[in-house]
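Note that the chains are named A, B, C, D and E in the order they appear, and that numbering of residues resets to 1 at the start of each chain.
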Amino acid sequence: MNDMRTMDNTVLNETKITARDVNVHYGTTHAIKGVDVDIADRTVTAFIGPSGCGKSTFLRCLNRMNDTIPGAVVTGEIKIDEADIYDSRVDPVQLRAKVGMVFQKPNPFPKSIYDNVAYGPKIHGLAKNKTELDEIVEKALRRGAIWDEVKDRLHAPGTGLSGGQQQRLCIARAVATEPEILLMDEPCSALDPIATAQVEELIDELRQNFSVVIVTHSMQQAARVSQRTAFFHLGNLVEYGETGKIFTNPEDSRTESYISGRIG
Amino acid sequence: MTDIPQSGATPVEPPAPKGDSLLVTDARTKRRNRAERRFKAYGIAALGVGMAFLVALLWAILSNGLTAFTQSYVQLDVPLLEEKLDKDGDRDPAKIAKVSTFGYAPLIEAGLVDLVEKTGVETELEPKALTKILSSSAAAQLRDRVLANPELIGQTVSVELLASSRVDGYLKGRVSRASLARDKNLDAEHLDLIDAWRDAGLVEKRFNWDFITGADASDSRPEQAGIGVAMLGSLFMMLVVLILSLPIGVAASIYLEEFAPQNRLTDIIEVNISNLAAVPSIVFGILGLAVFIQFMHLPQSAPLVGGLVLTLMTLPTIIISTRASLKSVPPSIRNAALGVGASKMQAVTHHVLPLAMPGILTGTILGLAQALGETAPLLLIGMVGYIATNYPDGVAEGFLAPNSAMPAQIYEWAKRADPAFYERAWGGIIVLLVFLLAMNLIAVLLRRRFERRW
Amino acid sequence: MTPSWIALIVLAIAAAGFVLARARAQAAARREARRLHSLPNYYGWTAAIYAAGPALLLLAIWLVAQPIATRSLTWPVLAAEAGENAVPSLMMADVQRLASGLDAAVATGRLTAEEARALPPEELRAAMAAQGVALGSEVTPATRDAALRWRRLSGTGDLLRGIVVIGLALAGAAWGVSRAKPDFRARNAVEQAMRGVLVSAALLAILTTVGIVLALIFNTIEFFRLYPAAEFFFGTTWSPSFGGGSELGILPLLWGTLYISIIALLVAVPIGLFAAIYLAEYAHRNVRSWAKPMLEMLAGIPTIVYGLFALLTVGPLLVEAFGRGGYLGLGWMQGGTAVMTAGLVMGIMLIPFVSSLSDDIINAVPQSLRDGSLGLGATRSETIRQVVLPAALPGIVGAVLLAASRAIGETMIVVLGAGAAARLSMNPFDAMTTVTAKIVSQLTGDADFSSPEALVAFALGMTLFVITLALNVVALWIVRRYREQYE
Amino acid sequence: QSRDNVQIAGSSTVLPYASIVAEAFGENFDFPTPVVESGGSSAGLARFCEGVGENTIDIANASRAIREGEVESCAANGVNEIIEVRIGYDGIVFASDIDGETFAFTPADWYQALAAEIPQDGAMVANPNASWADVNSELPDQEILAFIPGTKHGTREVFEEKVLLAGCEETGAYEQILEINGGDEDAAEAACMETRTDGVSVDIDGDYTETLARIEANPQGIGVFGLSFYENNTDSLQVATMSGVEPSTETIASGEYPVSRPLYFYIKKAHLGVIPGLQEFAEFFVADEIAGPDGPLSAYGLVADPELAATQEAVANGTTMDAM
Amino acid sequence: MNDMRTMDNTVLNETKITARDVNVHYGTTHAIKGVDVDIADRTVTAFIGPSGCGKSTFLRCLNRMNDTIPGAVVTGEIKIDEADIYDSRVDPVQLRAKVGMVFQKPNPFPKSIYDNVAYGPKIHGLAKNKTELDEIVEKALRRGAIWDEVKDRLHAPGTGLSGGQQQRLCIARAVATEPEILLMDEPCSALDPIATAQVEELIDELRQNFSVVIVTHSMQQAARVSQRTAFFHLGNLVEYGETGKIFTNPEDSRTESYISGRIG
């Protein structure tokens, strides 16, 4: 098995997202502690770290989804394309249209599969007419590697899908709006290897034009798809760098022990 | 829940030995299943109790009120004597109109005397006493007819006149001969006449459309009273209530539940709303009188004002239920929408509202039902009493012309002395319920469409 | 132009603005929606809102203001003639009636505009009667002059109104269209407007409260000027009498309110909640789909029916059981009217308030929670009691509060079921009455309306209002605390 | 929007008569049928006194005369000229279930049956009477149960003064109470009119239909009714005599039957000549063919006013209260 | 990497669950097609197969959780300890107490962490008093490998945990009732390698006394923890046998291609 393919494209692009001294508190829980990070454009960045270390929390900071959690307080500075996204002039809606998200728990709308995917394109006006919309939906479902399974039941409810199918539906829903940055919180956790490979292919394809940030527990997956990896531990960003380097030659002992402690 | 409620109270069974057959239910499970069955039985019982009461109430309503839908009429030939109605004989409408209903009474008396002779029944009743058989509306009925066709003067016309309430009650079996004997208003001889005329086909009981379409009548002629105009008043009020309270209520709930920051102002609004729900409806009447009539100079007794008052009264019901159902929509749905770049407003209108719709509709049903059946506030803005207007001329008139409402009409009838009104009151309740059912049907169908579990 | 025509024109302008702005935005983006900040429709809506919003608002204000202005400009014509006892508003009403009658006559062609102006005062009443406009008395020359002036002024006003309002709409539309450029945040603008609407809807609750307080406060103060507050708040006897010397203690009424409401809730909450649970969790879909609307009918039956039901059916039944010589041999009950009678019947009426709303809320609890509990080997009832109900609790509390509120506000059932006499007693089989019932009866009674016996209705209303407000504040506070502990 | 119909509000006792007149008025005149609202004398007068103008009512019905304080607050709001119109009398009768015992009362019987406390041997004791026979041996031995008007009703005042207080004086109890309380007349009157609270005397805040329903549920109860209500329900009620006189429009008009009260309506003079049809309606109301002894009002149970002619004149001339 | 440890305990125990000709329909979807399978006692059985092939559906048949899905129809025969669980005499409540389940999507109750775990023991009366209950809860949370993370916030709501924490909470909740058979639907999908190892240890421990059925997308995990593996494909049970054999020498070509197509 080629678990640790070496990176063939380490050309790092310009910075897309800059985070400085980001702190997140949930009431008294200090979930993210002074994280600084630069995320490059046209790059896949992987967030790894033990469960509960704050990966999802940090990811949600990047498109201000934390705003919706009562009691969550975000401080520090996060800039996307030089613009501070917590600036009062920034419209979180526009931000989220630009920064798409796949949530950790699949959360399809209680609507049909078609409507689930078509929703984003509709509100962003990406389709001029029904045919175009149909095309967009089909393309997104194909990219989400779920088209074959659902093409005969596009009007069945999205909540009646299996766990992995729901996950892929959510991926399709997120890519349908063509975001510039895609945040994916464990997008393959419920997927079989083949579907995983297809999603990874999608990620690779997206990287040609966009930034992708992916949270994963699979070191192999991180190694396969990402160019850069950030390792979180207890709310701290312990180490961040080129994926190859993190996995072969980590600087921090915690990274080292986390990586070597891996089993899968 | 506090700690260990079950095991604290009951002795603990040792864990079932492994490998027990599933076909045998162990003691603890049996006990829990009994609790389960009990629980379910409570549910069925509760539903049963509710239904039983409903059936009892409906039975009472139907058995008391169905008779209001039939009515007795007397067929009478009345000589329209020219010397009484048009002394000058020039058929001048203005002069004919001068003859009041009192001028028509003798004509009807004459017609009755003729009829008694024609049917050949012996009676000692005075001609004046004979008119007790007919509704006091007879003269007006006749006058209207003459005013509409002055050329009838001089002829003998055959008219169908309402029988008086007691004759009607006798024909419906509501009043017996025995009880009428004690009644000062009608004698046994009247009844003999009625029996004879009925056999001759001159007195007839049939379905009473006028009750459903007509206007209120004064206390002395229950047989003429109808609920139609009041129904129209209710309809216009409900239109106002629906058009205002549903959007306002939903808008206020959305603001409070989805957008409002947690601060003093929202707290104050929140407390205010739940408090308004507890304000007695009559106080809303006081408010309506002060604000809409005295301050804003809206017309008195107008359905528009009634609708506004009822809107204020219904709002808390709709807001409270809408908020409760907005609250019950899982946050993951909102997140999903926000995550694809929908604005909060879009997330709410596209996803949350449809999911909260059943609760909103329930609140609307309850609120409208309450508003439809409410009398007390109408008392103060002048919609209870004798408001026998005819049908409004148009839609704007419908909102502004004096009118009553069904519950007010029913309340008014229920107070009146003549027992025939009591029957009408129950009949009115039937109409009100049918109206309510029709109104709810739409909401119920909509609600079924929106219901889903996720 | 009539106001409705103006409104229609404004709406038409708004629609045109919508189309133009939308087209302009699309053109600017070269039909590439991506380049637009918002969906094209939002640009359209912005223009429509700019066009219709201010214009319609102005129209509304104008409609209120113009008659006031016209009146004050017309009054001088009459002032000379008016005696010292004259009532301007009534005289002006006559003028107005005459003016609108003339308008109608001209509109229907019965009179030419010339004739309308030239008709001598003596002939006016007859002419108006022919037009179907009844005038209270013969027309004086001054009244006629005033009416003519009124017609002139309002004609000018109407014209001006049309021009200004439509102009404003055009300006708004133009402004909206001119802003329809790709980087204009049209959606935000529209949503801001929507938010404004939402906030004003919520503020209506405060307005209503202010209105209620204002409607009650003056008479309440007047009452306390006539009757000592201490005796009102702490008196234990309620016995108004016409000749004066009434005792108007609120305590027995409050006690009755509390007692009857509690009994009503003791009936309605368990029955309603169990019915809701059954409908949402056990019943077959079909059963639910007809049983629920049926129960809702209970909320729509006029309360007078419930009152009669209490008086004629429930009361006598209870007496048979609990009365003297009843088959329980208890002798607790003296007559059919009692707290118990009214409470029971009111409880029935309130069942749907608890059941329907709770049913919706329970139904909205996600299935995965039920699965989680069932998967642990819980029975359905355990699942319901320990997982579903707690999750649905906020909504159920709302439903119960709604029912409680209605119980406090109910009159007819109390009057017929619980009696009219106020009493402080612990026995639920005694007749008592409630604050609300007394508000209604004192307000619709025969006492001198400026006497404490009638004014007390306002004080009762105010007191009840303040008490329920305080209770609601406490309830909110408790809910908050409870919620904070939880999260 | 100008109003073109007459607006009337007030007493529910007067309402039936007013509605009969309004209906006839609508049938015979070109004016629209007046709107007659109920809501009680007090509420009606309160609205009447709110001021003059189109958005206030023209006529208030009342089952009692307007009070001093009300006239003052009327004046304070600019309602200075009020025309008082007495339309007749409302007889108050005592009736019981048609199948039960027959009663012949005196005010004394009622006082002894319903007083909260009665004087006995120089002290006030709680009313011990349980049966009508205890009160008066000529009455049937039937449990006392009375449905009397609640304190909201004007009828209650008439009942207290013309029955309870009269009975109190008749029996000599009044003197005894004065003796006991040391000559305080107000207190003595109040004591005479206080009713017992042990469930024997039941206040009715609702209408006569409610009283009737209660008698149906409790056939041994005796209820207080208006004459017209009784006359419409002679098939289920029997009326009791009072001091030997049977109530009827004649005995009341002649003053033989003691318990009755006058009914009124009040017209805002400022509205006459301005509200179309107001003058005509007022005159129509008191016309002989309507309010006279042979008119429909009398047929319905109103006791015609013997001084109707004077009233007619006052209405025609617009004589206001001050001028009277 | 030792992806394919060989089985050291292939001693197969007596049969615990027998399924014969099981078919499941969701409305018109035929999700499970005539599956026959025998699941042994004191054994870990892994269900593998592509996403949407019916693993969860079949798993839910084993404790009759499909009963709660409207429109789901189960036919065929499933026996546990010789008793047909679809027999009318069988009480699904008792069945589910015996056959525990961890769902694919973590579904903590909106209660405190403590109450989430204590819930099962309470309804089954497993604790005499508060102390015992505390012990049970602690033990379960330890077994779920989440104790350290939540021991200071036992009374915080379970819904405020991270994705992986919620998953472990649900595992703890399931083991707290000590079921004889534990059905786990992708229990480690949101877990990092260390937590995964801890859960796998738990599974191994449970196997000493009980049966465990686990759905997993990780072939390595299946190989590591299970003694027997069932491969599902499009609703069919394609192959079932000893894990070692399935992974090294599958009989069916579909199994072969699924396994060889794996990437992670």
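The rule we apply is simple: a contact is a pair of C-beta atoms (placed from the backbone, for glycine too) under 8 Å apart; a residue touches a chain by one contact, two chains touch by 3 or more.
By chain, with names taken from UniProt: A, E = Phosphate ABC transporter ATP-binding protein (PhoT family); B = Phosphate transport system permease protein PstA; C = Phosphate transport system permease protein.
Values in this document were obtained by computation on a predicted structure and should not be read as measured data.
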Shared interface partners, meaning chains that touch subunit B and subunit E: A, C
What is the shortest path, in steps, from subunit A to subunit D when you may only step between chains that touch? 2
Of all other chains, the one whose Cα centre sits farthest from subunit C: E
Core chain by centroid distance, with centroids computed from Cα atoms only: C
Whole-angstrom distance, CA centroid of subunit C to CA centroid of subunit E, is 56
Subunit B to subunit C: how many Å between their CA centres? 19
Calculate how many whole Å lie between the centre of subunit A and the centre of subunit B, each centre taken as the average of the chain's C-alpha atoms. 59
What is the distance in Å between the mean C-alpha positions of subunit B and subunit D? 30
Which residue numbers or ranges of subunit C touch two or more of the other chains? 187-188, 308, 367, 379, 382, 386, 390, 443-444, 487
Contacts with two or more other chains, residues of subunit E listed in rising order: 93-95, 97-98, 105, 111, 123-124, 160
Could you say which residues in subunit B touch two or more other chains, in rising order? 1, 32-33, 36, 289, 343-344, 355, 379-380, 414, 454
Using the touch rule from the top of the page, what pairs of chains touch, sorted by label? A-B, A-C, A-E, B-C, B-D, B-E, C-D, C-E
Okay, in this complex, where on subunit D does subunit B touch? 1, 3, 5, 7, 9, 12, 15-16, 18-20, 22-24, 26-28, 30, 32-33, 35-39, 43, 47, 50, 54-55, 57, 98, 207-209, 226, 228-229, 231-236, 289, 296, 299-301
Interface residues, subunit B side, partner subunit C - complex: 1, 32-33, 35-36, 38-40, 42-47, 49-51, 53-54, 56-58, 60-61, 247-249, 251-252, 254-256, 259-260, 266-284, 286-287, 289-291, 312, 315-317, 319-321, 323-325, 327-330, 343-345, 355-356, 358-359, 362-363, 365-366, 369-370, 372-373, 375-376, 379-380, 407, 410-411, 414, 425, 429, 432-433, 436-437, 440, 444, 448, 451, 453-454
In their shared complex, at which residues does subunit E touch subunit C? 63, 65, 68, 92-98, 100-101, 103, 105, 107-112, 119-120, 123-124, 157, 160, 170, 173-174, 177, 179
Could you pull out which subunit C residues touch subunit D in their complex? 85, 87, 89-91, 93-94, 96-97, 100, 133-137, 239-243, 245, 308, 311-312, 315-316, 334-337, 415-416, 419-421, 423, 431, 433, 437, 441-451, 453-454
Subunit B touches which residues of subunit E in the complex? 80-83, 85, 87, 89-91, 93-95, 97-98, 111, 115, 118, 122-130, 133, 178, 180, 209
